[in-house]
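Chains here go by letter, A, B, C and D, matching the order in which they are written, and residues are numbered from 1 within each.
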Amino acid sequence: MKFGVIVFPGSNCDLDAYHLVKDVFGKPVEYIWHQQNSLKGFDCLILPGGFSYGDYLRCGAIARFSPVMQEVVEFADRGGLVLGICNGFQILTEVGLLPGVLLRNKDLKFHCQFVHLKVENVNTPFTNFIEPERILKLPIAHGDGNYYIDEQGLKSLLENKQVIFRYTTSMGTVCDEANPNGALLNIAGVSNRKGNVLGMMPHPERAGEAILGSTDGLCIFQSLLNHLEKV
Amino acid sequence: MKKTKIWQEMGLTDTEYQLITDGMGREPNHVELGMFSVMWSEHCSYKHSRKALKMFPTTGERVLQGPGENAGVVDIGDGLAVCFKIESHNHPSAIEPYQGAATGVGGIIRDILAMGARPVALLNSLRFGLLLNPRVRHLFSGVVAGIGGYGNCIGIPTVGGEVYFDPCYESNPLVNAMCVGLVNKNRLMKGWATGVNNLVILVGACTGRDGIHGVTFASEELSEISENKRPSVQVGDPFMEKLLVEACLELIENDYLVGLQDLGGAGLTCATSETASRAGTGMEIDLDLVPLREKSLTPYEIMLSESQERMLLIVEPSKENKVMEVCDRWGLSAVAIGKVTDDRMLKIYHGGKIVAEVPARMLAEDAPVYSPLAIEPDYIKDVSNFNLSELPEVADANRVLLTLLSSPTIASKEWVYEQYDYMVRTSTVIHPGSDAAVIRIRDTTKGLALTTDCNSLYSYLDPYIGGMIAVAEATRNIVCSGARPLAVTDCLNFGNPEKPEIFWQFLKTIEGMSEACRVLQTPVVGGNVSFYNERSGSPIHPTPTVGMVGLLENIDKRCTLAFKTQGDIIVLLGDSYNELGGSQYLLQVHDLIKGKPPALSLKKEKSVQETLYLAISEGIINSAHDLSEGGLAVALAECCISGGMGAKIVLKKEDLRVDALLFGESQSRVIVSIKSDYIPVLWQLAQKNGLNVNAIGYVGGESLSIQVDGLEWINLGVEEMEQSWKNTIAKLMS
Amino acid sequence: MLYKVIIIVMPRKGILDPQGQAVAKALDTMNYKGINSVRIGKHLEMELTGENQQIVEETVKEMCEKLLANTVIEDYHFCIKEV
Amino acid sequence: MLYKVIIIVMPRKGILDPQGQAVAKALDTMNYKGINSVRIGKHLEMELTGENQQIVEETVKEMCEKLLANTVIEDYHFCIKEV
């Protein structure tokens, strides 16, 4: 099983994702330069956080035209696992692999802090290893994480259980106080219909070692490994 | 007559102009004069500060590079070195807070990159007026957003710093940015243009008219160009700089470079003349080859442009193609604009004609050095005659503590550092909010402790002691995190040095800092001087910001200020005196800036730090916090708040005033919490170092209770204290 | 032919515009009263060469659909002038 | 009277516009050729009530100078229509 971390000009959490897979899980992982146009041999792709192309114009708007994105779309259509974190999430919405968009944070400020998350659907390749009621503590670090989608879009999201993570208090209550960016229904992460593409604003790769203040990010990667070992 | 005007308006004196003509054996032309005017400006030549800075101790067995290069470098073992520097961007930030601060960050990052180091952390020291003023709020939010905007985008964590609020900074805010990098000792780069016929390659952003307006000029050809063609404020492009960092590091890794230099103040003029001068070589530059943002830039403008995100590479001809390949992959334009020569001359060509021909050394090294007059200011006497006994004793200590906790200077800086990505690179193991931030060094057991410190109230009342304390507090913060202080980078923010009173402050400050650096064995390996921080004649307080780096041999031994376990014994290291001069208590409660700052015995400071360091490395300390603004009560409150648990404290008054005991800022003090079993070990260590230690209470409950001689002066719930401490700045800014 | 193009990209009606709200609030606290609604979008100016007005129009429309606007949340319109 | 105001804030001539640069580059790699210069600024729309055209103009000018534009790096212009 092999992971790939896609590197766009301006990506800056590529190192962190790479480090977690390689040094914490000891699994094979490679960087994929944004101009590469073959994804043969990869089982899971990670679109890391950062500021691809400076996030000028709109977050992810320019990165989505990198040559590799064509391949990523096909990879996803073939059922390959794709995890978009933060800027990666934004790119996935821009390229249309995930529904909705990420608007500027409600208070217009960048927020770097720990948040708590409720897992809304544990039957995905990214969450199968998580106990249903578990509240995750993960960091966020973004200025544009304010998830938005129109009404019928939201309706089908909910019907198909595509809302995967929501911001909560440490006790697990979903409320405005727990919403760091104004996201609709406190949505922090969504999947595509098939469930093989996940986008999330929080950074699981930053919560993989006790020394960093949380290990709650591990269960997401653990789920991925589970899933990959089964298939 | 007319000519006189030119150099004067460029900021050169008649004598300086004479020096130039003598040195060149002729009158300089307009371009040459412009080059001299920027290279001999205070910013580049340090002509007023050079002599005084020589007082700093700059050597030590770990020091690989002291002042003089782009940044200082210190050996940390494992074949690694840490490289760091702090720099001011005060004036640009006052005009355009966001871009001013952002380009300040971008500039200091390039200094670290120029040494061949990978930038791994950023800090910033900020000073503003009072937040009640909307203009100040605008500056404050703009600066913070700008620092975050640049650091977050480029992906270097901003892990620490400080923010102070004082009326003296109202129209002259201070924005000091510090960058820390890691480098393989054998990959260290230098800004040297060695090797005759080696290529001079300019990489990165195109050159525009940015920052030229900073230098005023008067001459026919230029005066025609209209104002709006010369924007004085640079706009930063962190995305471009990210590419620049990755490309340069790849070039270094592959050993493609002979020399590397950033372009900052004085742009191409500074980069070319300094690299050549350092190497004792010369250079030929063809301005027609410089990529321009708009056509029609004059040679003068190209040489003086301060466009951001540019680096200068010195490359052997055989490696040119390889270099171009790398830059191209990173989407960067790179152009060979000239070559290294052996005649020590800087020759600038444009349109096939030579437009400037100057000895490189004259520009970079031969600026005059001044020793301005220094006279003790009159205010010193007025402020120092202050009789404590006339001050009414504290009545409601609870109220005072809440007042201090909710004063912006002491209150939580969360509103600031939550706008910074302080976690990217997943190496930050002590986040902002403790005494010093700590980042781990991958593939080793080691960590780096980082802090910036300066209490400019102390420096105003007594620049000598203020300078000493700035260094002492920085080292104390480093030691509180479990690390050994390594070295200092300093940013000296002062008023106009041509005023004898200001220069006196400057000299005294450096004397004090030097003394502390010597005793505490933290050499100064780099720094920056920012003069003329005045508006309408009133200068800022002397503000010698100390940036410090410490080394943790074992990252698992790191320590934070948060109380950790109920029942731990709380111990105060060091002694308290009847000292309230320059304290936040006097300022916030009695609205007084008076008295002498707290005395500092470097000998005692050393024994406190030695004891604490050993105790932490023994693994017997659960939390450590140094006493700074607000004294014992505030420090205890901070430990309670961040630990989410209370404490019961019992103090003896002895011959102290209660307000001094609770809120005094006597130096060389630290509070630690420790498991009772380990008390004997701590006592032994203290004894060995001739240090006073007193158990003053224990961790427990939901409130902070402080008794003095059996009388409970303070009893506040941790919740309540947290409320007033945590939300102050956010409230003021919303 | 050389054309000057101006493209305006605005947040769609009904879509939250935090920036606009913030400005409205700021103006209010600065005592500018009677301000109803503030919307903030992007104003792009570019020069491009093309065979004729119509072709340029098609090109620009395509640019907007593909890159310059995210039509899920943004409307755009543009005008083209020959120079 | 109710007025509709449109304010355009652009980076000043000669000032670096990283956003415009990035977009120009992106369009080029997307094979839109012959694009000379892209500049990106803000487009603000607001409705406000005022006594008459002239007073509103003064108000808006003041808003721009004070809040909406930083004239060190940005130029602005606006137009006002009665509705």
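Structural remarks
Assume a contact is a pair of C-beta atoms (placed from the backbone, for glycine too) under 8 Å apart; a residue touches a chain by one contact, two chains touch by 3 or more.
Because the structure is predicted, anything quoted here is derived from the model rather than measured.
The greater number of contacting C-beta pairs, out of the two interfaces A-C and A-B, is seen for A-B. A straight line joining the Cα centres of subunit A and subunit C is 30 Å long.
As a whole-number value, the distance joining the C-alpha centres of subunit B and subunit D reads 36 Å. With touch defined as above, residues shared between interfaces to two or more other chains in subunit A number as follows: 53-54, 56-57, 62, 65.
Shown for subunit B are the residues that touch two or more other chains, namely 237, 239-240, 331.
Looking at subunit D, residues 18, 22-23, 26, 30, 40 sit in touch with two or more other chains. Every pair of chains that touch is listed here: A-B, A-C, A-D, B-D, C-D. The part of subunit D that touches subunit B in the complex is made up of residues 11-18, 21-22, 25, 70, 72-73. Subunit D contributes residues 18-19, 22-23, 26, 29-30, 40 to its touches with subunit A in the complex. Interface residues of subunit B facing subunit A in the complex, by the touch rule stated above, are 145, 148-149, 152-155, 237-240, 242-243, 330-331, 417-426, 428-429, 431, 440, 442, 555. Subunit C meets subunit A in the complex at residues 15-16, 18-19, 22, 42, 67-68, 70, 72-73. For subunit C in complex with subunit D, the residues that touch the partner chain are 2, 8-10, 20, 23-24, 26-27, 30, 32, 34-50, 59, 63, 66-68.
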